[in-house]
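Attaching a single structure in C-alpha cells format; questions to follow.
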Amino acid sequence: MPQVTPDYVLLQVFNGLVNGGFYALLALGLSIIFGMLRIVNFAHGTMYMLGAFVAYYGAQEIHLPFFAALIVAPVIVGAFGLLLEVTLLRRLYGLDPLYNLLLTFAIVLVLEDLMRLAAGALGSPYETPALLAGVTNLGFTEYPAYRLFVIVVSVIVCGVVYFVIERTPVGARIRAATENPALTRAFGIDTSRLVSATFAFGVGLAALAGVLAAPNTNVTPTMGDSVIINTFAIVVIGGLGSIAGSIVAGFALGVIAAVGAVVYPPISNTLIFIVMVLVIMFRPAGLFGAAERAA
Amino acid sequence: MIAGRRGALVGVALLAIGLVLPFVPGVYIVFAIDLVCFALVAVAFDMLLGFTGLLSFGHALFWGGAGYVATIAIAHGVTSFPLAVVAGAAYAFVLSAAVGAIAVRRSGIYFAMITLAIGEIQYFLAFQLDDLTGGENGLSVTTRGTLFGLSLENDRVYYYLVLFVAVLGTAFALRVANSPYGAVLAAMRENESRAKSIGYDTERFKLGAFVMSGTLAGVAGALYAIANRLASLDAVDWHTSGTIVMMTILGGIGTIYGPIVGAAVFQSLDFFVSKTAIGDKTNIVMGLVFAAVILVARRGIVGELLRALAPRRPLPLQDDDLPGALVPDPS
Amino acid sequence: MNTSRFCLALAAASAIVLPLGAPLGVAADDGPIKIAVITDMSGVYAALSGQGAVEATKMAVEDFGGKVLGRTIEVDGIDHRNKGDEAAAKAAEAYDGGAELALDMTNSATALAVAGVAKQKHKLAIVTGAGSSAITGASCNRYTYHYAYDTYALASSTGRNIARQSDGKTWYGIVPNYAFGTQMLADFTAALEPEGAKFIHADMIPLGNTDFSSYLLAAKAANPQVLGILNAGADTVNTMKQVKQFGLDKQMKIAVGLLFLSDVDALPDVFSGSRITTSWYWNEDKPSRAWADRFTQRVGNGVRPTDIQAADYSATTQWLNAVKAVGSVDADKVQQYLDGHQFNDFYAHAAEWRARDHRVTHEMYVVDVLDKSKIKEPHAWFKIVQVIPPSRAFRPESQSKCVKDW
C-alpha cells in the first residue's frame, strides 16, 4: 500500500470523483429512462460503448476532434436509441416491464457482437486530447489535467440536467408525464414524443460518458459490461427514477469506493453491491427515492 | 401449468427423448449430459419465475456456487458422488435461504438487482479465494466420484444418472405446482393483496419457492461441474444467470416442461452454431432469436404451442401480463 | 385427439434432436489422424492465436507431406470461447471423434481444463497459448506438454535482463490480486534477487479495478528505476494508457510482464517504450522471416504471425516427427519418445522436451517495443536486446512442483 497520508486520501477523493462522475452520468441516464418509461435499460452499458466507438471512428475516419465528439457522439447514439425505442421497445409498453428488460438484454448480445466483428476484441486506440494531456499541480499532488476535465464536465452536465428537469417548464412536463401520463395527455401534451425524446436523451448521456472514458480506458466492444452492473447498483442506491439520487449516489459511491480501497483494498470492488443490498434492506426506495406511487 | 393428460403426454415424450438421446447419431454424450443439467436448472428457475413471478438475475449463485462446493469437496478427498452433490446442494440451500430472506421482501426490479449484486459478490469471492477455488484457472479434479461403489467415469453411465436426477427434479417441481402450496402461489400471483388479506404470509411462500428453486438449481450445478470434472468462473458469472433466464423464457415461463425444451433448443443452437462458418457470431444469433421470442412469441415454444392447441382455455400463467414482476413495490 | 397430440409432441421432439449436427466420424485405425486446434476464435485471443493458429497448424501438416504412417492428417479448428467447461467438453468430443492431439489452448483456464481431459482420455495435449506455470507444476500430467512460454520464463527473462543493469535495481510493482498476479510477482522477485534488485513496493490491485491512477501516482512519488506492470489483458492496456497520461514512462523504465505482438498491433502507441519477453519474433533471423513471409502470404492482409502461431506450427511438426519415429499415434509411446528429446527449429532454438515436468525449454527473447516512428516495416515492433538460453529462462528442474504421474 502506498503511504496513507491525508494527501493520499485527498488524492483518492479526487480519483473517486472521476469515477463518480462516470457513475453519475450513467446512473442519471438510466434513472431518467426508468422514471419515464419504466424500462430497466440493460443496454445502457452498450450505449456507453457506442459513444466511445463513435469518438474512435470519428477520429479515425474524419479526424473528429475530441471536443466535437463530446457533442456528436451523444447525438448519434441518442438518435440510434430513438430508433430502438420506436421500433422495438415501444411494442412492449403495455406489458410487464420484465419484457423490456429482457429485450434490452438481447440487444446487448447483438450489438456487442456486431461491434466485435467490426472493431475486433482487442481494443481500439484513442488518445487523450493534446490540450488536456499532461499534469497540473493541485498543490498537494500533481494530477492529470484530463481527469480534472472529466470531473468538471460531469458536474456541469449533471447540474444542468438537474436544473432542467426540476426547475424548467420542459422538465415539469417530463415530470408530469412520468407521474401521471394519462392526465398529462389530457392537457394536450404529446407524451409519446416526450417518452422517445427522453429515452434518446438518457442514452445520449451514456454515450457522453463513453466519449469521456475513451482516452482513459480500453475501448472495446465489451467495455459496457463492466459498467452496467455497477450502474444498476448506483441507481438503486440513489432511488430508481430520482435525478438527485443518481447524481449524489454516483459521486458519493465513487468516492466511497476509492477511499474504501485505501482502508481495505480487497473490498473495493464489492463495496457498491454491499451498500446496495443494505439500502434495499433498510431504505428500499433508495436514498432519495420519493414515496412510491401506485404500481 | 400443463395439467392432466396433456401434461403426462409431454412428459412422456420428453422422457423418451431423454432415454434415447445418447444413441442418436451426431449427439456427443458429454453435450447430452450438459444439456440435461441445463434443462434441470431451467426447471428450477421456472419454479421461481413461473410460480411467483419473481425474476432472479442471480441463479448462477446456486448453479455455479454448488458446482464449486461439489468440486472442492472432491478435490479434498470426497470420493462419494452423492456426498459431493449433497454438499453442493446444501450450500445452495443455505445460500438461497439467506439471499431469499433479504430479497423476497422486495419485488420486481429490486429483487432482480439484489440477486444480481449478490451473484457478483460470489463471483469476486470465487476469483479471489484462489487457494480454494483455483481463481481464474478454475478447479479441476480427476474423478467424478463413485455411487455406492459404482464408478461414474463412463459418460453413458453418468448421463443416465443425471437424467434420473433431472426426472426426479422435474417431477418434484410438478408436484409442488399441483399441490396446495402451489395453489397458494397461484393465488398470490393472481392477486397478492387478496391472498394476504385472506391471511397467507405471502413472503414466506415466496421464500419457500425461492429456496426450492435455488436448491434444485444447486443440484443441477453440482451435476454439471462433476460431469466436466471442473468448476470454472463462467458458472458464477452473471452472463450465465442471463443464459438461464433466456432458456426458460425461450421454452415458456410457467410450463415446467417448457424450460426443458428451451434449454435443449438453446444449447443445441449455441453448440451447433458455434461449430459452423458463422460460429464466431453465435451471440448475434442467440440475441436475435431471444429478441424475436420476446417480441412476438412471449409464451415461449411450449407456451405458444399449447396456446395453439387450446385457444379457448388460456392457461393462467400465460397471460401477456406477468403480474407483479417489475414495478417497484412500495410495501 | 390423443394420437395427434402425441405426434405433435414427437415432432417437436425430433425438431430438438435434428439440429444436433452431422454424425461423428468413426475413429478407425486407417482413418485420418486428427489434430484439434482448440483456441479462442472470436474473443480477446483471436488475434494472438485464433484462425491464424489453425492456418499455422495446417501449414505444418502440409509441409510434412499431409500424411503420416500412411494416414492423412486432418486439422480441426475448435472455438473454446474462453470457457473452461466448453473447452473440456469440446476436447472430449474431439478426442472421442479421432483426434490424437489437442493443440494451442490459449487461455490458462482452458489449458488446464483440456489437460485434465487429455489425462482422462490418454491422448496428448500440447499447450502453446497459455502461460500458467501450474501446467508444468501442480497440474502436470503424463499427457500434457507446455510448449511456448510460461509466467516463470517471462519473469526470469525480463526481470533479470533489466535488473542486471545499474539503473534497474529498484522496482515498483503493479500487480493484480489474483493467482496470475501473485505468481508473476513471486517469479519476478525471484529473478531480481540474484542481481541485487528488488521491489521497493508492489501494489496488489483488486480485481475489477480500471483506474490505476492512485497506484501510478504512488509509483511516481516512490521514484523507482523500473515500473513492473504484471497484469494482463485490458488491465495492461488501462495501466499503460494511464502511465502515458502521467508521463511515467519518461521518468522510469517500463517492464511489462505479459504482452504479445498482436497486442502491440492493436495499440502501438500504448505499448511503445516497454520491455517484454517473447518466445519468438517473426523478424528475428532469416529462417523465421522466411516462414513468416509464407504465413503472411497464406493468411493475407499483411498480418505477421505471433509467437503462439509459430509455436503451433513447430509443435505440430515435432509431434508428427515423433509419431513417424515411433511408428504409432499411441500417446504413451509418443510421450516416451518425446521425454528428453532435443531438437532445433526456426521457432525453438536449443530445445528439449523436458522429462521432469513436460516443460519444453528453448531460447527466449527480451525485446523492446518500438515506437511507431522507429519501425522499419509494418508490424516490425520488436527489437531484440537479449537472447536468454533455455537453462536460464525456464524454472530449474530442481524447483519444479510437478509430481509426476508417470
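The letters A, B and C name the chains in turn, as written, and every chain counts its residues from 1.
Convention: contacts are C-beta pairs under 8 Å (C-beta built on N, C-alpha and C of every residue); 3 or more make two chains touch, one makes a residue touch a chain.
Predicted model only: the values in this text are computed from it and were never measured.
The touch graph of the protein chains shown is complete. The interface with the greater number of C-beta contacts, when A-C is set against B-C, is B-C.
Separating the CA-averaged centres of subunit A and subunit B is a span of 32 Å.
One simple way to say how far apart two chains are is to compare their mean CA positions; for subunit B and subunit C this gives 35 Å. Multi-chain contact residues, meaning those touching two or more other chains, occur in subunit B at positions 124, 128, 280-281. Shared interface positions of subunit C, defined as residues touching 2 or more other chains, are 42, 46, 177, 207-208.
Of all residues in subunit A, those that touch two or more other chains are 266, 269. Listed in rising order, the residues of subunit C touching subunit B in the complex are 2, 5-6, 8-10, 12-13, 16-17, 19-24, 41-42, 46, 78-79, 81, 83-86, 88-89, 92-93, 96-97, 108-109, 112-113, 115-116, 119-120, 132, 134, 139, 177-180, 182, 207-208.
For subunit B in complex with subunit C, the touching residues are 5-6, 9-10, 13-14, 16-17, 21, 24-31, 34, 124, 127-128, 130, 134-138, 140-142, 153, 155, 224, 228-230, 232-235, 261, 264-265, 268-269, 271-272, 274-275, 279-282, 301, 305, 309. On the side of subunit A, the complex with subunit B involves touching residues 38, 40, 88, 91-92, 94-99, 101-103, 105-110, 112-114, 117, 229, 232-233, 236, 240, 266, 269-270, 273-274, 276-277, 280-281, 284-285, 291-295. Considering their complex, residues 42-44, 46-47, 177, 201, 203-211, 213-215, 217-218, 220-222, 234, 237-238, 241-242, 244-247, 262-263, 266-270 of subunit C touch subunit A.
If you check the complex, the residues on subunit B that touch subunit A are 55, 102, 105-106, 108-110, 112-114, 116-118, 120-121, 124, 128, 238, 242, 245-246, 249, 280-281, 283-284, 286-288, 290-291, 294-295, 298, 320-330.
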